[in-house]
Amino acid sequence: MYEALVIILIYGTVLGFTLALVAIGLSLIYGVARIINFAHGAFFAISAYSLYYFFVSIKLNLILSIFFSLVITALVGGALYRIALDRIRGMELNEMIVTLACAIATIEILREIFAPAPLGVPTFIPGQIYIGTYIVEMQRVLIVITSVISLILLWLFIKKTKYGIAMRAVAQDEDAAMLMGINPEFMSMLAMMVSAILAGFAGIIIAPTQTVALENAWYALLNGIAIVILGGLGSLWGSLVAAFIIGYAEVAVATFLSSHLKTVIALIAILVVLVIKPSGIFGKHRELEERV
Amino acid sequence: MAKGRERIERLDRGIRARTRDMYALMSYAEIIYLIGPRIIPPILLLVFPLIISDPYWLLVMSYAAFYGVASISWDILGGFTGLVSFGHALFIGFGGYSAAILNAWYGVPIYLSIPLGALIGAGLGTLVFAPCLRTKGAYFSLASLVAPLVMIGVIYASAEILGGEEGIYGMANPFNDVQWYYIFTITLLVSFLVIRKVVYGKFGLILQAIRDNEPAVKASGINVVKYKLITLFISGVFASFVGALQAHRLAFVGPTFFNLLHSVSIIAMSTLGGIATIVGPALGAYILVILTEYLRILQDVRMLLYAIILIILLIFRPEGLFRYLERIYNTFERKVVEE
Amino acid sequence: MILKIDNLHKRFGGIKAIDDVSFTVNEGEIIAVVGPNGAGKTTLLNLISGFIKPDKGKILFKGRDITGMSPSKIAELGIARTFQIPRPLHKLPTIFNIVIPLLSPRVKRLTGGVGDELVRAIDILEEVGFERDSDYIRKPAGLLPHGYLKRIELARALALRPEILLLDELLSGLSRPEVTSILPLLTRLKDRGFTIIMVEHRVRDVSAIADRMIVLNEGVKIMEGTPEEVMTNEKVIEIYVGRRGELA
């Protein structure tokens, strides 16, 4: 039992950080552009497959591979916004269907380019460390460290840089932001790219610990959706906390029951939140928004 | 004005002007104009096996009818009520599994396992989605995408109870291809008539009002959640029914019943045919199923094809095929002699 | 006493939108709730009609506690409301906007389900000032001018055969002739036995028809009294004049 708890703690933390990167991206684009992006999981897959291509197929060095993969993911994110979403902004239903269709198109294209079978990516740093008597691969430690760094970078970007502040302004009041000379269209595209990079980075760092597979895109999306609903749509802090709740819960289910059942956590989380507190555990200003 | 001058007039104009719930037709042209499109497609569908007896095409057309029913049932939710389901496969799967378990394990005869499967499937699906109905539509869409994917995991995990990846085999399949063709096609025609009755009556008016403006309907003293629940169940019954039919037809159910492919196909078909038109989604189903069968190369990239169709349709032409055809049809003209 | 509001509280984040408000409404009265923008008037209506739930306090309708009930349940009991920003069913013809409340369980119960909804809908539309044969009745409601949308709001509320009408800034955005045509209509409704609670920004217009007025400012009830008392109260004048001088 004690052993199981330690496993849940370690693996849950690692998973929690990865999911946090995915979900915060999803939350960010909802917060800024009010877009529910079903293509978010596709970003996760694109970067993982790009990494496979650069790092394994053409044997580029690691840093460059990661860099190029992220650039590709960001460009896809930007293109998704510019080409597809720009024309249908504000039509929530169309936005959702189009992003879902884009996700499917991306995944099917990846299926055509790469083999449909899962692919393997070698670990970025070899070795392992001991936590007590438990062996933890260095790759997982790396996931935690780099996730923390990216989250801090994101925080600095949002709080300190010109673009980050402009983005927050758009999130709060698009019309007012526009009057201040901020271009909401551009900020939404930028948010989409940042959100793509976050999901993409999660796809990259977690790739060596699992296989690169198309299903992961749906797994990432499904968890992302559960986390943003649990944390409250558009609340970044809520997403961070909810990511860990889901992360620990999924590892616990996978440990005690079956790894196939871990996705059940996502559905249960969504349904329970919608029954008890539809605004999510941290969505406090929700009611103000829905004021009639 | 000179008597007897000829002018061109749209064929529907005279009928429109004269009718108010009552049809007072003036010529055979008008009669054909009015009932032709309502009667010819069903007749064609019913005589199809007499013309083409190739079992392969019977199968294809049965599939089209299967998707036709599923798409029509999607349309009551997505088109009329504004609850856009991204996981209608959930109902197909629940219906299929319910019928399979009833028939294969408990020996319930096929004529009971299918309708019971449909009711149980619809009930289960409604239960899953019920929590999403109080909040705004986006939550329903999000949860509906997640639910079938989760069900696939659940089935994989419970090999002993639900057959796992292998699925459940051995349901009764007493019919041949032609009989199955008629079962699916008649199901489609009946579903169409029933659902049209539902959405174009007072009930449907309330659904459209909910889609248009939910707070206004609440302020009108109507329990919106109740209506959404009923609609969800009605929609679920039809989708689960064809799921149950399919389970018997294949004598197999597996996790593939919950596949995203079904859900996405249904959305693509409805959008292509025209959302909120009831006929449109069925039309879209026939077009896409026949198209992907006709061009065999497209089989493997069906998902990609549907995705691209959806993207193009939604970005450039949100009208849908049915509305387009309707408009063309209504411009049929005739010569009239002015008096 | 048909409605009793008891120590109502509602916060949004850090803002006290409604801060300990209590009052009572008698049957057949017109009560005007006035106050500057952001005073909490609309929030008060949303609380009574159940669209938002209070943090604290009670709302009693004919002695029955309706606090926290769903909007449709409250409407069903006989409290109908209009929206400040008209919320017509844009795509449906105007007449169907009125048919919807006629299909509600309340109306079915009161009428026994007898009669054609369309006929009754036209009667109600005529009552609020639509011409019986006008195109507007068949046009999608979304295409109508603002003044008519306000009338649709009122018609929808009336169709419910309520006991209390909650009117949320019915007069705002209306032209002078429109206001002068609607005010007598409200008096007629009062004479027919409706209890009316109207939230208004423009004090002068409603003072002509209101029996009592309640003044809100920043969520707090400043005073309650007859229109004359309110119009001459220094505190009220200060609130209005100090802000924008619309009282005069």
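Order of writing sets the labels: A, B and C. Residues in every chain begin at 1.
Everything below uses one rule, namely that a residue touches a chain if its C-beta (ideal position, glycine included) is under 8 Å from a C-beta of that chain, and two chains touch if they have at least 3 such contacts.
Remember, it's a predicted structure, so these values are computed and weren't measured experimentally.
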item	value
Most centrally placed chain - per-chain CA mean versus overall CA mean	B
Taking each chain's C-alpha mean as its centre, the one farthest from chain C	A
Inter-centroid spacing, chain C versus chain B (mean Cα positions, whole Å)	42
Averaged-CA centre spacing for the pair chain B and chain A, given as whole angstrom	34
Chain A-chain C separation of Cα centroids, rounded to whole Å	45
Junction residues of chain C - those touching two or more other chains	51, 83
Where chain B touches two or more other chains at once, by residue number	215
Residues of chain A touching at least two other chains	292
Of chain B, residues touching chain C in the complex	202, 205-206, 208-209, 212-213, 215-224
Contact footprint of chain B on chain A as seen in their complex	36, 38, 84, 87-88, 92-94, 96-98, 100-102, 104-105, 107-109, 112, 218, 221-222, 225-226, 229, 257-258, 260-264, 266-267, 270-272, 274-275, 278, 292
Contact set on chain B toward chain A in their complex	82, 84, 86, 128, 131-132, 134-135, 137-139, 141-143, 145-147, 149-150, 153-154, 156-157, 215, 260, 264, 267, 271, 301, 303-304, 306-308, 310-311, 314-315, 318
Complex contacts: residues of chain C adjacent to chain B	49, 51, 70-73, 75-76, 80-83, 87-92, 96-97, 99-101, 103-107, 117, 156-157, 159-160
